[in-house]
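Notes follow the structure.
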Amino acid sequence: MLKLEGVSAGYGDFQALFGASLDVQAGEAVAVIGPNGAGKTTLLRVISGIIPLREGHLSMEGRPLDRVPAHRIIETGIAHVPENRRLFPRLTVEENLKIGAYLPAARSRFAERLDFVYSLFPRMKERRNQLAGTMSGGEQQMCAIGRALMSGPKLLLMDEPSAGLAPVIVQQVFDLVRRIRSEGYTVLIVEQNIQQVLKVVDRAYLLEVGRIKLSGKSADLLASDEIRRAYIGL
Amino acid sequence: MDTIFDIYLLEAIVNGVLLGGVLGLLALGLNLVFGVIDVVWICYAELVMLGMYTVYFLHVVYGVPVLLACLGAVVVVGVLGALLHYLVIRPVLQSEPINQLLVTGGVLFFLQSFATLVFGIEFRNLGLKLPILNFGEMYFSYARVLAFLVALAGMVGLYLFLTRTFLGTAIRAIAQDREIMPLMGVDSRKLYLVTSGIGGGLAGLAACLLVLQYDVHPAIGLTFGPITFMICVLGGLGNMIGGFVAAFIISQFISIGGFFFHIEWGYVIAFAFFILTMFIRPQGLFGK
Amino acid sequence: MQRDVIAPLVIAALVALAPFAGQTDYFIHILVQILLWGFIYTAWSLMGRFGLVSLGHGAFMGIGAYVTVLLWNFFELTPWIGMPIAVAAAVALAAIVGWPCVRLRIVGHYFALVTLALTAVVALSIVGLRDITGGSLGLTPNREAAGTSIYAFQFASKTVFLYVALVLWLIGLFVWRAVDRGMGRYALQAISSDEDASASVGINVGVEKIRIILLSAGLTALGGAVFGQYQMYINPETVSGIGVSLQIVFAVVAGGMFVQLGPTVGAAFTLILAETLRILIGNEYHAADTTIYGLMLVLFIIFMPKGILGAVFAGLERAKAKAA
């Protein structure tokens, strides 16, 4: 479904990604793991077009994304749940969801999708008129995921959904990811919480200093000495 | 003696409220643009001036009915607002904020001089004879009451637009987080252009209300431009409701100050109040 | 000697010779205007170049002009004493408004708008005090019968004013140089780029800022006072209104506020442009010059934000770098 070939990107003079390649098949859940500063967020930003591609190719369902401006990426079926959630703090929950359905194609199905998101997250329905910025971190994460779902995506990009949350909530967030998968969404998730995320996804890539170091099935990675020693701390 | 004095004072207060409506509408457009694009249009009042001329020329010179002429002014100034953004603001969006302030100052100079060049320095008015309303011993001009009501309607309209529509919600959202708007499928550049158009349209609407009450001349922008900025800052730049409330406070200073002294002292008090407020609450009366 | 001494002196010498070259009164008049406004613009830039963009200089200039003339007209106080009093008044006002701004860190847009309000207060007060100021009709200093009187600071000959303006202008440039060479500059540059960082390395942010604000306001008031004596007529629009504040800022932007002679170039450029357009287009289209001027300002800020002289210097630097 999504294919990256030799993708490089950076900020000004600084290069953050060096020829990264990966692919995500329809129906899969794939993780990109790696330490802080590895370039995981940058990778998702390139996919969403927020920062430009310097080298390489990007495609979604065979359609090249290299020249698609950022605000049109979502039309190809890619929705991005950004790092730190980035809700609009002074809009209500429902208004946040409304922005998620900004695309003309999504507007016409707004009511239907709103019901869907509310059925997925009943908590959001209770809080529909609350200002998003006043909710707890876990609730905000639900809202951010809901907002992304409002565009009716095929592929969901998630940037460290568990970051900054209490351990109990982290567990809930990974349960959420499972639920999303079971709804038939394809997921590309970026995480530092490696042990947890590997239990949720099918495959994963290890990113270090802007380069893909390893990739494989989750179970294999969980068992690999290198990962265990360096990242899981066993 | 006392009762008459009180009635006149009450009249001044009510006139202040009426003025507040129009000032509030003026501040609204500026606040909208600032909230979304983060740029202060120093030349905002000059757009209003052009709107007043549009009404004047359409109605007096070309004989278009007043209502249609007003509609024309809203459209014309709306387009001017969008053009201002496209031609002037967009090229400096990435440069220092003070350059953005100055560039619209250059536009102020340009528009004011251009108007002098093209329209001359004469004062012009619509020549409409609007009745005077009286309640008991108080007299109010019909134009003022009308302006107040239309200003209120304009504000309610904008409020509904911003809260009910997708576009309006996106406009409020972009003021809170610019960077992630593309992830929502929002083209910020287009949204800026639309916002500028709406900001211009509000200036056009304000122009229609002002031209009912005041003569238009090329320098008229300087008379109420600064007061509009003060109002916006007092309310907390970008805070539309704050600006609206501040408009009523400032208009009371002008109206009551003008009642006890000369009208310019009303303004002096209003400006001094502004400076003092900035020293007590630099973020504005209603800023966070 | 350095460039910032030689260049002003050479220009001053040339200007000083102008009357001997049999120049017309008109030419001298233009020179006086350029020097006086150049001085005021330089005074503005003393603070403007450090990010303190003031729209309040119309107020300081107005106080300089009005206080001097009022003291003369009502108390026959010679401008030689009246001008220092006027300057002191402007400095006091600058302190009253400037100090809270500095303490509360009112910067950027907000500083510009507070100072704009200050201009409005002063200009409107002048109008409001119409019984003594003549309101918007303006004010003329009582004339000495002889036409020329040192005591009254009135000179029938424009040439005398040329030298007065020249001295003033040189003072402005040397103050600039002193600021440039003094420690204050580094402090202020640090402040304009990062106030918190400068405070943490022990620069007294507030004191440096307020000093430059008072200096700038005082010199502007002095310029306003002399301008009033030269014109022998002042009104709220020409010496104190918001229009004046904006005019100052824009001329400086056109010339370049970061180099010593930039503000003067701005004065020369805007005045010569206005005069040329006036002659070319004629008086009946009397706003044609400012129309073109406004348009050019917009273009300047978009395409040449360092101003004319700033851009020239940057170009020279680049050429030098290439040659080396």
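Each chain gets a letter, A, B and C, in the order it is written, and its residues are counted from 1.
We adopt the following convention: a residue touches a chain if its C-beta (ideal position, glycine included) is under 8 Å from a C-beta of that chain, and two chains touch if they have at least 3 such contacts.
Bear in mind that the values here come from a model prediction, so they are computed numbers and not experimental data.
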Chain pair, B-C or A-B, that carries the greater number of C-beta contacts: B-C
Identifier of the chain whose CA centre is least distant from the whole-structure CA centre: B
Distance from the mean Cα position of chain C to that of chain A, given in whole angstrom: 57
Gap in Å, rounded to a whole number, between the CA centres of chain C and chain B: 31
Where chain A and chain B are represented by their mean Cα positions, the distance between them in whole Å: 43
In the complex, chain A residues that touch chain B: 48-50, 69-75, 79-80, 82, 86, 88-91, 95-96, 98-103, 106-107, 147, 151
In the complex, chain B residues that touch chain A: 166, 169-170, 172-173, 176-177, 179-188
Sites on chain C touched by chain B in the complex: 51, 53, 97, 100-101, 104-106, 108-110, 112-114, 116-118, 120-121, 124-125, 127-128, 241-243, 246, 249-250, 253, 285-291, 293-295, 297-298, 300-302, 305
Chain B residues touching chain C - in the complex, by the definition given at the top: 40, 88, 91-92, 95-99, 101-103, 105-114, 116-117, 218, 222, 226, 229-230, 233, 237, 261-262, 264-265, 267-268, 271-272, 274-275, 278-279, 282
